[in-house]
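What follows is a pair of complexes built around chain A, which joins chain B in one and chain C in the other.
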Partner chain A sequence: MLKTILAAIFSAGTFNQMLRSATPVALAALGGAMTEHAGIMNIGMDGMILMGAFFGVLGSYLFGSAAAGVGLVLLMGVVVGLFFALFVVKFKSDEFIIGTALNTFALGLTSFLSRAIFGASGTKGNPALPTVHIPGLDSIPFLGQVLNDNSLFIYLTWLLVLVMWLFVYKTPYGFWLRASGEKPETLRTAGIAPEKMKWLASILCGLLCGLAGAHLSLGQLQGTFAENMANSRGYIAFACVIFSKANPAMAYIAALMFGFFDAIGLRLQDYISSDLTNTIPYIITIVMMVYVVVRSQRKKRYAGKRLPAKQG
Partner chain B sequence: MDEIAVRFEHVSMAFPGVLANDDVSLDIRKGEVFALVGENGAGKSTLMNVLYGINTPTDGKVFIRGQEVTAFDPKTAISMGVGMVHQHFMLVPSFTVAQNIVLSREPRRGRIFFDNAAAERKTRELVEEYGLEVDPAAPVEELSVGLQQRVEILKTLYRGAEILILDEPTAVLTPQETEELFAVIRRVVRDRGMTVIIITHKLYEVMAISDRVGVMRKGQLVGVRDTADVDEKTLASMMVGRPMLYDELEKTGVPGEELIRVRDLTVRDNRGLLAVDHLSLSVRAGEVLGIAAIEGNGQSELLEAITGMRKPESGTVTIRGADATGKSPGQIRAMGLAHVPEDRLATGLSRDGTVTENLLAGKQRQSQFNRFGIHQRTSTVERYARELYEKFDIRGAGTDVTAGSMSGGNMQKVVIAREFSFDAPVLIVAQPTRGVDVGAIEFIHGQIIDRRNHGCAILLCSADLDEVFRLSDRIITLYEGKITGEFTGPFSKEEIGYRMTGSRQAEKEAAV
Partner chain C sequence: MKKRIISLLLAVLMIAGLLSVPVLADTEPLKVALVVAGTFGDRAFYDSSKEGLDKLAEECGVEPITIECNNENHAPQIRNAADEADVVICVGWEFYDVETIAPEYPDVKFIWIDNATSEPVENVLNITYAQNEGSFLAGYIAAYMSESGIVGAVGGEDSDTINDFIVGYEQGAQYFADKYETTTEVVHNYSNTYDDPAAGKECALALIDKGADVIFQIASAAGDGVFEAAEEKGVYAIGVDSDQKYINEDVIICSMKKEVGDSIYAAVSELLDGDDSRWGTTWVADMSSGYIGIGYGEEGSEQQISDDLKAEVADLEEAITNGEIVVETTR
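What follows is the complex of A and B.
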């Protein structure tokens, strides 16, 4: 029994499922990393994902192509990012309230539009994103099974992780972004308006969360939209952002961890109640957050020991 | 004629309800060190923020090196050669020294990538050119305040500043660090022909470093003098608008019995680190014991432990012969202790409460203010508040306004009035004049010495060394929670400054 369970857990299928589950969370976490660096606590990612998921399917349905769906998602991503920044940056509203409002608004809007356009049962079977077959990869055992023939966005995410990491840590704009969150007045006295970087971060977050949603509806579920399909992935992404200290590469790894436990949960459903297995990723998320808090406190204590000698 | 670096022509700057600069006209010459002095709120920083483009003047013109400033923003000011070192440093803590210095003008590789190697190389070149030793690759958060200030100065030099504005640069420095800063200022003026404008309210620094000095009062420039032609007393009276004498305070009487006794006290700070390390001291009646220490060396925790706001780990505190160790602030106050806390906004008073309420706080249970302990005698309370208001020379819109609406100096007077009127034989006074103007300082100092001459035992702690020197009968220096020296007058500033920095002296020599 144990042997079969372990075999089920550590199969190529599990690791492939890990990638699938991790990708929407990872994309959203990349976006969340941008706002986090800009000093904005963004809990509105769940709503941003949901908007992406809906408008991806809508575009695909209306124009008959997944590419058009993604185009509409990018457009809406910018709009949502601008909307978020308008209230948080320009009007200086409370980030928490605006994030919550955005989540509620997105849930209501997408549910309403979905019922109005597709009816009560939602929609499925719209033109979806292609899977990518890499010739030759199949010849590698295990790895080939895990990495090959996945939805396009899984590979796109790898590219985006690299691009966002370079952007944040290796370009002047990344330095401005981080300065705008850590010490905005420094940037202002250097002649750059920190608000500009916050606007940019919000728009990037809207775009990346939109892509996360598009991957969910157009990639993973092959052109399907169901109400509230973001299913709290935005909050998991937020946990990944905090866990990784908004480092895009670390955020991806954190998302993979979530994906792994999500995949295990799916595998174990044959043996244990699915109600229980479904809780695994969330329990792991809580454990991760506890770890982060403990680590930062330990670091604070360490920094405290170090400072008096340096600062006198 | 000398070349003019900066010219203000009839500059006025109005904020809602306040005219911060009122028709200021001023020329600053190229290659001079110009000191700008004045009380708090006199408009010095506002005027310099106009020059740096943070404020747009409501009226008047500004010329930088002959060119009229048309757009007021920091970017334009920087491009016209103005650099400013703010009172609160504008550095990103997690960035390295080099990354902070090049921020907004980064060297790039392939147009879009940050070239960290080039940033560190350019920083090193500046370091060598000006002899401002600092490690380009060190994260700023790990540097001492003095070194952070160096980074700020290097930053303005990197941006090509010809005119350097320093806003209260010595407020956070030790005497030794101040000396080093002055050496740097002299060097950039001599070697680079830079113009330096220094905002300060420490008059001896004006005398030490500046060529000319401008005095501001209530938004107006009341006079510009060659430093050689004035002395500190003249400047002080120009600042407050009446003849002002920083005279010796008259101290009378002889020390009596021991009222505060601290034995072997150990206290931990909020992070659980040792803040006060097996410290012993005592203060006698009719004596002021001053604590000289750089912030963060345990003085705050020591006072908190004595006043009952923090539980000591070991050791004893004795107030007037009775054990006060670990008692609550209320119990300790009942033993005859009054306390002027270091942060008037956090623990000194209630901003939303009226002046009357703040003056009464702590005395509300006294029988003259209530009937049967439940009914407040409003008229008595109001009369009492008005008496204190006048006796302690509080200046504002009366006793019914909220304390938070008053200026810092008057808020502090409210705290002083309340605490000193307890007639407690033991006074703990922390930062009595932080952010308070010259006139109010004079008054508060007089009150402290008056309490001393009446036989109070006073433990004084202040970041302003001159204040400690002026008021204290004895001074102890604290470094990392330990007493590193004890002095009786006449005090030597060099010696005390040296003891305050503890072992840091050796570290600094190693760095140079």
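What follows is the complex of A and C.
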């Protein structure tokens, strides 16, 4: 019994699903990491993903190619990022309200446009992103099965994790970005406007969340758009951002964890009620949050211990 | 001066516009509100109910109102509809509040689709469907068409209505196995969402991993993902509620039809003829009345199912109708 359960859980299919489900969350979390570093609490990612999913399909439908869809998504990402920053940075509105408004607005706008252009049923079967075949990888058992023949964006995400990590921790821009969130006044005395970095972070977030949506509709699905298809992935991505302290590499690992438990949950339905397996992502979120709190408290305790030793 | 004249003219025009409405409408048409629990665009359950309303509007001249709840605010939306309309049709098993709200509006006729009030309410007509009977046929077809001997079903959630499909499906597959002395295994899972095709696709892929080669989708718009997974992996799928063959005729071998729209049309047109005897009761629209059945797509579409199998299905349909086969239910 246990053996069959374990075999079902640790099959190549599970890990395939882990990669597929984690990728949109991971891309959005990368975007969320940018705004998080700039000191913006961004809960509008869900709406940004939904808009990415829609405009990806729209571009693919209008121009007959997935590349054009991604191009339109990038354009949309910049516009949404600018729109978000306009309210949050320029007008200094409450981030929470603007984020919620963005989610509601995105649902309304994409549903309206989808019905106006494609009719009530949405659309499907538009040109989608290609899968990538890496020659030679098949010869490795199991790993080859999991890592080969995936959708393009799964590999692009690996690249983007590296790029964003280098950007945040190894370039002066990344340094300024973090400073704009942590110590904006210090950054200002150094002659750099923190607002500029916040604008940049918003635009990057718009772009990356847009790509997350594009992966959902053009990579994971074959050019399909359905209303409200983001299905709270933006909130899961937000949890990944908080858990990883906005470190892109850690955010990716957190997203993989969500993907993994998503895949396991589906396979555990044969043994436990699906209502329970459905709660797994949320249980993981709570466990993650407890971990974050405990870790930060422990750090504080260590800091307290070290101080008297230095004085003495 | 010019501006003032223009604005005066506009004001006159607007008032005239307001006055003209009651002049034009000589007889008040029946207002029928359709309140759906989710959103339109599922090409199945909700869209079928909308087709029923559209047909009523076109042929009987009722005034249609549509409200989409988007999976929230079910009770307030029933009230919004009842404040406006003469007939309120609640489409979805979620509308439990009909039972308490309906007595507050004695002049309004309610129809509750897919579920029934615990006690009969005078102005509520419950319409439930014998989806288990149609699913029995779907299960039989799936088992017949399967080469691996494993057939799958993707449900939207673990609820009584969805499980009613699944028990029928399992029984049908088992009936095939008994008849041909073979073994058939039924695997199923739940997407826990009706909106997210990516989740539906993952569910189907997980079943295909287990060896399933015919998959029945019972998950509304999330079921679109099931068709995609079937196409990618080269297996068959079975549609639900509407005749979904047209969505992908190479993959969808047939559909379990649940004619929600036709039953709404039938109930409301009876009311228009002055017959409200159905209200206060539960009407089980089943296979014998023709509201449940198997659809093989429009004429000329690609057919994977042989005429022999279709004949067998027709025999089974008759056996269910005259009670020789009793299909289990969760209701």
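We take it that the second predicted complex is superposed on the first by the 298 of 312 C-alpha atoms of A that agree within 3 Å, B and C clash if a C-alpha of one lies under 4 Å from a C-alpha of the other, contacts with A are read in each partner's own complex, and residues count from 1 in each chain.
Throughout what follows, a residue touches a chain if its C-beta (ideal position, glycine included) is under 8 Å from a C-beta of that chain, and two chains touch if they have at least 3 such contacts.
For clarity, every value in this text was computed on a predicted model and none was experimentally measured.
Enquirer: Kindly classify A:N278 by the partners it touches after superposition: chain B alone (first), chain C alone (second), both, or neither?
Expert: The answer is second: A:N278 touches chain C but not chain B.
Enquirer: Looking at the overlay, does A:L216 come into contact with chain B only (first), chain C only (second), both, or neither?
Expert: second
Enquirer: For chain A, which side has the bigger count of touched residues, chain B or chain C?
Expert: C
Enquirer: Should A:E227 be classified as contacting the first partner (chain B), the second (chain C), both, or neither?
Expert: Touch status of A:E227: second partner only.
Enquirer: Of the partners chain B and chain C, which touch A:R188 in the superposed model: first, second, both, neither?
Expert: First partner only.
Enquirer: Check whether A:Q269 is in contact with chain B, with chain C, with both or with neither, and answer first, second, both or neither.
Expert: second
Enquirer: So, does A:T100 touch the first partner chain B, the second partner chain C, both, or neither?
Expert: neither
Enquirer: Quick check for you: in the superposed arrangement, does A:N148 touch first (chain B), second (chain C), both or neither?
Expert: neither
Enquirer: Does chain B (first) or chain C (second) touch A:P172, or do both, or does neither?
Expert: The first partner, chain B, only.
Enquirer: With the touch criterion stated at the top, can you tell me which chain A residues are shared between the chain B interface and the chain C interface?
Expert: none
Enquirer: Applying the document's contact rule, which stretches of chain C touch chain A when the two form their complex?
Expert: Chain C reaches chain A through residues 39-43, 47, 50, 70, 157-158, 187, 189-190, 192-193, 195-199, 201-203, 205-206, 209-210, 221-222, 224-225, 228, 231-232, 247.
Enquirer: Touching chain C in the complex: which residues of chain A?
Expert: 8, 11, 13, 16-17, 20-21, 111, 114-115, 119-122, 124, 216, 220-222, 224, 226-229, 231, 262-263, 266-267, 269-270, 273-275, 278
Enquirer: Show me the residue ranges of chain A that touch chain B in the complex, using the header's touch definition.
Expert: Contact set of chain A toward chain B: 166, 170-172, 174-176, 178-179, 182-183, 185-192, 300-301, 304-306, 308, 310-312.
Enquirer: Along chain B, where are the residues that touch chain A in the complex?
Expert: Residues 52, 54, 73-75, 78, 84, 86, 88, 90-95, 99-100, 103-106, 108, 112-114, 142-145, 174, 269, 271-273, 294, 296-297, 479-480, 501-502, 504 of chain B touch chain A in their complex.
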